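Before anything else, here is the set of structures, which you'll find just below.
Next come two complexes built around chain A: one with chain B, the other with chain C.
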Partner chain A sequence: MRASIELGIRHLLYNRPRLLAMSASVAVGVVIVFVEMGLLLGVLDSQALIATLVRGDLVVMNIARVDLHRWDKIDAIRLAQIAAIPGVARVMPVYMDHVNLRDAQDKRVRRIIVYAFSPDDMPLNVGDPVRVSAALKMSRSFMFDRLSRPIFGDIKPGKSIEIDKFPLLVSGVVTMGVDIVNDGNIVMSAGDWLARSPASKPIMGVIRIAPGADADKVRNEILARLPPDITVLTPNELVERENVSTLETTPIGILFTIGMIAGFMIGTINCYQVLYTEVADNLPQYATLKAMGFSDEFLRTTVLAQAALLSGTGFAVGLTISILADGYLAFVTLLPIKIHLVSASLVCLATIALCILAGWIAIHRVQAADPASLY
Partner chain B sequence: MFAGRGAGAVHLLLAHPQSKRMVDTLSLSYSCVTVAAANLLEHRLRLAAALSGIAVALFLLIMQISVLDAARAEVTLLFDDLNFDIVIVPDTYQFLLSFDTVDRIVLDIARATGDVADTFGLNVGVVHWIQLPSKQMAYNFLIGLDDPGTFVRDREIRDGWPSLTTPQSILADRYSQPSVGPVTVGTNVEINGERLTVTGQFKLGLFFYAEGAAIVRNNNFTRLDGRDPHSISMGLIRLNRGVSPAKAKADLIRALPSDTLVFTRSELLDSERAYFLSTKPIGIMIYISMMIACLVAVVIIVQVLSTEVSNRMKEYAVLKAMGANVAFVYGIGLAQAAILGLGGLLPAALLGMLVLGFIQHETHLPTAVGFSLTVQMVAITLILAGAASAAIVRRVHSANPAELF
Partner chain C sequence: MSEAKMQPFPSTSSRVATPTVDAKGVGYAFDIDTAPKQVLFEIDFVLAPGEFVILTGPSGSGKTTFLTLIGALRALQSGSLKVFGSELAGLGHKGQREIRRKTGFIFQDHNLFEALTAAQTLSLTMELQGVQIDKRAARSRAAALLSMLDMEQYLDTKPHALSVGQKQRIAIARALINNPPLILADEPTAALDSENARLVMGILKHQAESEGTSVLMVTHDSRAFHAANRIVNMIDGRMTA
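Moving on, here comes the complex of A and B:
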């Protein structure tokens, strides 16, 4: 057993450039899988972004706001009602709207999303809380999301930028992100925002529960005591709800899943192909081994060991290229496209399994090696 | 006599060294194809597997090209129906669905430049479209037009226009999504608290902006949308004969207030497409999926060819030893690649026609497989087949007759 594994591995290691070429064919499949998966998760993560930024235990929204790209707002009174419920420590309103941002250079005006909240205890995690809070406290100012699409012109702290025709000071940058629908974000303090548009209603409220209180109980209490025009979710539930909604309303799920399956198929076919060619090219050697009395079992293990080694090197090469490819995609799409640890581990396991499967098929070839046909 | 002369001419032609070379090339290509086909047909099961893999990849490619083309057409659909050379928009304009407006006076200013033959006001907005009596709500794209004159190209809109006799009459898009409810003539709906009646229909299908669309006269649009009666979303301009759009644009920019922008027709269409396909990541995502589909097709063809080469190395060596041209051996590989590619394209195209025809029927997006897509796909397939054979050509070259013995 050990001898056969060693033989297989040494045989592959003998010709390093060839091993690299073989790994590269397996890596093609790995890269396709990671790119398709990166795009899918990137779109899902970006659409659900705001839910992942929540600094609180529960989120309250209008019941009609079935996904995060709807504009149904809640009455501010609901937040006050929730604050009065036992177990609720704090309820923080978040305002959201469109504003027009004028590019000082080309004079073009573009729509951007504004989020507004109190700088004292922030409901969203958009950067270092101390720094963001200090910057938001400057009046007549806003903070610019550094991950916005690069269509808004040169926006740097200290500059004065026209928002809805009024010049405001850029007091700093925050880190949020864009999605397919929205091109960029700015953040203002709730005070500044309400001074501009006093009739604004919150788009959501972030709830912190009192120490020791149970989130589920508090939620049930809120739903029982308030009119049925609101919905209360934990941030994780909100992320999941958004993912389901994105998958249901767009074809991206099917599109990228087919792509991933294609990637796995290509990886398996390639792995089979290189092992098959490897065996075919060395058929006389395998036949000699067989003629010398080595068992079919021995030859099988040799090929399987090669398949296993190839899955490892192929995955490593593929992962390296994928990190670069996904980095490039993140750069051009500005979506949060990255390789998640969990999904990478799953792809790794799948690569090993599929390579072994490919090796298993290639073994038929070895078993056909007939010593007699050699001469 | 003519026959004799004709035969003589053919003979002469054949005797000419250049045509002899051509005939040789033709017969060589023919032999390549027959050998290639025979080689492939030896392992029917493997051939079927390879063809279905290639077909899946090419099917995906057809879908992506078609969706991209449809998206490109969709984002300029409304403008394609309107006959104009120059457009005036507010400086907040990004794409068709922008909520800011300009004052109608820009049309008068434009006429005063002397470049302008005619002007037209266009209003667009999204309204709550409440079906009656069910009270179901949908988002509808409401379009307000001045008297169509020569600006509107669409027959049905021009024909339906005279039916807009009362402030409560409206034309509805027959291609609206089902969620909008019935849109037949006589249907009652509610917009902004007012009851309206559908008096005519047209066909657009503007899915990028709302669930459906409807058209009213501009004086009714401003009332229904709660807009200032003097405001329009954009002003369309048709120029006097002989005036270049570039000159007119410069004149208009000089004359108009600084909070307006002026685009020529082609600039406007380019910027609409760029907004959806370049600013948004939609374009790049489709391009990457296309690249992957191409890669999959190439990889499968390379696999089949490389198996062929390893299996038939001895046969190639024998051919070479018999004095066969290297071009002949390469030709077999190329012909195999082409047969695989085109053989996969056929089922892919048939399936694509079915699926895309169905999509066009359901969504009215212009996705159906047409002549240009077919030509495009054949060209892409042949390029992919060529790339695949180039990838393994070196291995065929290494077939050495001496190794045989």
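Moving on, here comes the complex of A and C:
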């Protein structure tokens, strides 16, 4: 077996430009898969963004808010009730709404998401807590999300920007992110927000449990004591629920999945074609091996070794192009598009498996080689 | 080429005296299921160990077809054909492989893998012996054989850097490296100049005389005739002499 693997590898490595062209054929499929997967995961990550920013042990929301893009709010009294439950150290309301931001230069007004919370609590991780807390404590100010799309104009700390027709000072920047619908975010203190919108209700409450308390027990206690109009989740559960909700309620899951399947199919077909061509080009050599007495297994292993090597080089080329492509897409869309280690590993395994499959199909061409035709 | 260099391989002198090839009433037709075209008729032929036979005759007379039957590259249709004492009629794939492994094939085209150096080609062929061969030993064995063919300076050369004649000599070395008891050659000197043709014929003749290797060679090259013990003519699928 060593000799057949060695022959396959030597044969493939011999002509480097041809190997590069063959690898590029396989890489086309890999790139399609990575781009589709990157977009899917980017959309999912962006949709669940706020859940990943939670600085707490549990999150309480209105039970009707089945995904994070619904606006069902929670009664403030519920947060007060939860604060009284043993094991709960703190309950921190987070407000969320749309406001109108006026670009000082082009005078256009654009809608932007506002998040508001207490600078003393910092229930969301939007930057260095000490720096953000200090900036939020400045009266009549807000912080601008530096990852917002550049449609809002030149917003820098120290500038005065009109929010809902009231001039507010930009006291700093935070780091959050956008999704496919929302173009940007600002953050202000709950005090400032309630001063201009006193009837606001929180969109959620972030719960920190007391040291030594068990999060599950505290959650069960909350659910047992409060009316059934709330739901309590850990931040991770919230991320998972949001991902499932996005996949179930929108067509993006199936769209990107079909795209990934198409990528795998294109990669497999390309791999088969280049292997078939390679085998066909060297059919007299393979027929000679058969005539000399080498077994079908030897020939199979030779072709499969080439398929395996091709999957590796094709994946490497595809990964390199995909990192660049996903980086460009992330830059253009500002979505959190990146290649995750787990997804890269899965694509790598799938590439190897599908190239082996393509090689297995191409083997039939080798087995059809007729040694009698050599004379 | 020294005599000492002629013995770097396992000897086959212990071969039994049964004919290497024993054909009785061998017939063959192409397209037997659709429009049969008979190309061999009742061929009787014996090739003894150490015998060097040249098969000649006009194109289409069935020489090559007969060669492929002996090499177990085609399935026998009628008659009896024994190679190394084994009946080829009804022989399975495994049996066919065994016959092929013991046969040195020299084709008209060299069919070398472009990726392999001469040493690697010969080393790969040595794998057919089914025993693990030390890389250094395999290399020195390849070098010894190539030196007989005046090719030892090309041990680490790949085919693209060789002339057609040099490639053909590598292909001949490939057929000889395992010291097979039977060599089937189809126009092995066609691509060679006179000097190299003489060299190759000398090696084949020496292989037959000193190792007891049976050589059956199809050729129209009259330069080769002097090397043979016997010349057999084939016309229209029948042996005439």
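The rule we apply is simple: the second predicted complex is superposed on the first by the 375 of 375 C-alpha atoms of A that agree within 3 Å, B and C clash if a C-alpha of one lies under 4 Å from a C-alpha of the other, contacts with A are read in each partner's own complex, and residues count from 1 in each chain.
Everything that follows uses one rule, which is that a contact is a pair of C-beta atoms (placed from the backbone, for glycine too) under 8 Å apart; a residue touches a chain by one contact, two chains touch by 3 or more.
If you're wondering where the values come from, they're calculated on a predicted model, not measured in any experiment.
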| item | value |
| --- | --- |
| Fit or clash - chain C, chain B, common chain A | fit |
| Chain C, chain A and chain B - angle at the middle CA centre, rounded to the nearest 10 degrees | 90 |
| Larger contact residue set on chain A - chain B or chain C | B |
| Partner chain(s) touched by A:Ala134 [first = chain B, second = chain C, both, neither] | neither |
| Partner chain(s) touched by A:Ala80 [first = chain B, second = chain C, both, neither] | neither |
| Contacts of A:Val28 with chain B and chain C, given as first, second, both or neither | first |
| Touching partner for A:Tyr276 - first (chain B), second (chain C), both, neither | first |
| Partner chain in contact with A:Ala262 - chain B first, chain C second, else both or neither | first |
| Chain B versus chain C as contact partner of A:Ala287, first or second or both or neither | second |
| Superposed arrangement (fit on chain A Cα atoms) - minimum chain B/chain C Cα distance in Å | 12 |
| Footprint of chain A on chain C - complex, ascending | 64, 67-68, 71, 73-74, 93, 97-103, 105, 107-109, 111-116, 120, 124-125, 127-128, 158, 174, 186 |
| Contacting residues of chain A [partner chain C, same complex] | 3, 7, 10-11, 13-15, 282, 284-285, 287-288, 290-296, 371-372, 374-375 |
| Chain A contact footprint on chain B (complex, rising order) | 53, 56-57, 60, 90-92, 94, 98, 100, 258, 261, 279-282, 284-285, 288-289, 292-293, 295-296, 299-300, 303, 306-307, 310-311 |
| List of chain A residues in touch with chain B within their complex | 28, 32, 35-36, 39, 100, 102, 107-111, 149, 151, 180, 183, 255, 258-259, 262-263, 265-266, 269-270, 273, 276-277, 280-281, 329, 332-335 |
